[in-house]
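Have a look at these structures, which come just after this line.
Across the two complexes that follow, subunit A remains constant while its partner is subunit B and subsequently subunit C.
Right after this comes the complex of A and B.
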């Protein structure tokens, strides 16, 4: 055990540092709220990652699932009086249902048209919740959403909500990791790389695409539901296409196709949003420049930069051990260390 | 009443048609999608208004000047941003994302330069309505319709009869063969983007007097124009026009006879339906993988 700690000492140091920061932030309500938003966005962006990062299906309308989960859970808990824990699951399932429906046409379309389809879907959900007054109160939004309660204990304070969200986030990340390293995950990656070759290998591309949409919709819907019960007030404004763009930005910034990428992306962008409160009108502009910077300079996100630096360090270390005999071998070693 | 509806539908239909035409042209020329056309319309409207209202240029001069500037803007975006991105080996999705950021930047630039309130064009005509065959019609509608029709016809003749237009079509069909024939393919690509922006900006200038000029005016129109292009067959110039007019009619008549708050919802629902049932559109263009 001591050997593992010595070997991964930087990771341990980083983890302890993170825990210290979190513990410090939890002393204050505002900072705890930021931590909660980071957790919720991590879950939502993880959902997007499953669809876009691993299966290669573009989704510029992901806020639709966020909205469906949020409104679904809210309406069920307020109108039918069901306990929030149950309605969160049901809300996520509603989002999943629509995810599957949209997956049918989506699985047939090329990237360009998929973007349009997802944008159109996002717009439709937004318009529906803003126009259907009788159901959703339209632009006035819905207030008084109940907090989550479990076994008689109600999560009233922001801090307690954060512990719950932290547990859920860790659970989601673990589940994602298991899915990725299973047959399903490999099928997703195969579809992303070359759908025709994947189909030739016997992978039922349609089936896995629909599954990817379903999983993605469930996760993002669940994030939306947790959001609703945390802030106890939702309105259509939070679910516009700007939210979809934000999710995409977080994903690209952190690094697509990784487990920690969505988390890093959420952290950076939630913190940036809070810091930018004073220049809220510049917000969109700054996000736009973020996106352009990622596209032009680091398409693999922060994780990509980290990997790149790590590879540089490893190849530099190996170069000193080079002899003519093992020169070609060292190239192989640094590749396998990915 | 029905005459006004038809004129209105034709007018908004030709707006959607021109925007969709631009989208299709970009797709045909460079195989990419730009999602910024709606915002080009918005910038065009603001520019036109600035020239006409604040610099007191005659309307036609404002229109032509705006179109020229928009052409340069479109070309600039293609040459500088898109080509650089493609050189880095970016996939099409990333270019789409790039155009989304351009769209956001354009909206913010408009907000900083002109404020976030809705601005009005000073009236172009001396009368509020004109009487044609006994029906009262708003002249701005007719102007927009006229400019739209003129642009479409001009585009048709440009693409089929002129040398550069024909070389654009050749480059769109097969880049390598076209460049082997001595056609400057990067010039045609830049021109395609430029023309798309020019058309959107131009129709923005004539639409401004009707709807007012504000930051978010481009978004919905851009998406409906896109929808029209898809319905007509994405990439096909005539399809985009037909599709645009189709959505113009759908929207206007649903607003008038059924419900006005769900009109956008229904338009998008129609789009999704078309994408499911007939993704190749009316003029049968290649869309599936």
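Right after this comes the complex of A and C.
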């Protein structure tokens, strides 16, 4: 009990601190933009997590869905004049559509074969948006993308965009949490843990693998669409292989298969990217070291480090404070705290 | 209930199961034994849909099921355990059993996102049912632990619990006693008896002769993929060909 109260107090303190930092950052336009990028990346990486973290299907081509969402929404709003709020949904659905198509061959592959397929897919979409001059304006990119508006209000300032993105991110996290704690989420995790046994327990493995691809593509596509309407300019440069690797780095860094992991990973890497602007050409090199360090020392990411420290603290407390007589009692409380 | 009709499977030049036929009567405990490599597990995999037989039929409740994928066979009412434990290691004991309920539940993506009353009701009933099964298998106090933290014997019991969660009419147990100590084996025998008392038909593959002879009603013996004998435990123990197959030694476990 005591531990739960203490844990709650820490969460509360942490929430206050986060709000204070956000409030401070919102005073300035550039810092607000960083907050927006954190939110957008959180959504995209949450999408990747549904695929990789829960069903164990690796993807090194998620920038493709990001691009499909961004270009889909942009072209629909510019060419057809549809309201951005609608085109964001349509753009996400375009990404979903391609997600399902790619999932049919992908659901038969595992590990390195799947990695190769997703890399190829990412490259295909990148090439497509680069060479179709008439449709996407090629390498020059598209400027003047309309901003999001709702009930006559246009989200012009970066700050207002952040409030919108924050709401969407929270919604996405709640939806993900609900999917994971349902029959479908259990099927996803069962497939990751042991596809043979999952199939034997009545789970249609292929169907759920494709479903995971669809959900993942939808979320990452949506993040791409929001990105386009936030910065109002897109070009193929934003959707290179590097972007896919960045999503994967964020996910591994934050911690796979968790709700908060993608958010933490996004915060750290977006901030790190901004801090490293002066030596941008070394960016991927530095990330590569990040990934190696994580994979070797903390395979469960930042969340994993936190859990590890917590367990360490609890077990140390038990050892030092307790006589064997009431040790069983403390085990119960520590279980509750978990 | 389940009738195997001249089932044959060939892997390249090797005939792993050769023209095997037998019937499992409803409500019985049926034993399938044979020396190592006799094709018992392969036959299991054919019944549960992992392999499609090269020729022959598998008829379950008047329906041909050979060649159906495993998840459909589970849905029809055949559930299995695995010889080399195949649990969802990072999930808790309770979650493992909850996964087992999959084919008896139906709520989809939208209802999960919206948390509809119906979906919440179904989730609650899944938890209730899973806890009841854990209680039945004597694993209640382990419910919140990770499956990987269980002892070997407990993991075997969890495998059976998970298989029970899909309300099977026929339960396939693939060497459930492997790696168990004497006391655990006695408990297992009792458990199989109790499962049978619930009206579930059991097909048991096992090397432990004491267990097989004590618990089964009928036994089929395979050797080199062929059926060499079928009958009640007593007649099998005195069957000349069976004794020869087990290297001429007595069958005393």
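Following the convention adopted for this analysis, the second predicted complex is superposed on the first by the 312 of 338 C-alpha atoms of A that agree within 3 Å, B and C clash if a C-alpha of one lies under 4 Å from a C-alpha of the other, contacts with A are read in each partner's own complex, and residues count from 1 in each chain.
FYI, a contact is a pair of C-beta atoms (placed from the backbone, for glycine too) under 8 Å apart; a residue touches a chain by one contact, two chains touch by 3 or more.
Small disclaimer: the values here were computed from a predicted structure and weren't measured.
Annotation: superposed three-chain arrangement on subunit A; subunit B versus subunit C shows no clash, the two fitting side by side.
Which of subunit B and subunit C touches more residues of subunit A: that partner is B. Between subunit B and subunit C, an angle of 80 degrees opens at the CA centre of subunit A in the superposed model, to the nearest 10. In the superposition on chain A, A:313 contacts neither subunit B nor subunit C. In the superposition on chain A, contact is made by A:128 with subunit B only, not with subunit C. After overlaying the two complexes on the shared chain, residue contacts for A:184 are found with subunit C alone; subunit B is out of touch. By the touch criterion defined above, A:86 lies against neither subunit B nor subunit C after alignment on the C-alpha atoms of chain A. Residue contacts after overlaying the shared chain place A:17 against neither subunit B nor subunit C. Of all Cα pairs linking subunit B with subunit C in the superposition, the shortest spans 12 Å.
The touching residues of subunit B, when paired with subunit A in their complex, are 27, 32-33, 35, 81, 84-85, 88, 90-94, 96-98, 100-102, 104-105, 107-108, 111, 116, 223, 226-227, 230, 234, 261-262, 264-265, 268-269, 271-272, 275-276, 279, 287-289. Taken in their complex, subunit A has these residues touching subunit C: 175, 178-179, 182-187, 189-190, 193-194, 196-205, 211, 215, 335.
Remark: subunit A residues 58, 60, 104-105, 108-113, 115-117, 119-121, 123-124, 127-128, 131, 195, 245, 248, 252, 281-282, 284-285, 287-289, 291-292, 295-296, 299 touch subunit B in the complex. Put simply, subunit C touches subunit A in their complex at residues 48, 50, 69-71, 74-75, 79-80, 82, 86-91, 95, 98-105, 107-109, 112-113, 115, 119, 122-123, 126, 144, 162-163, 165-166.
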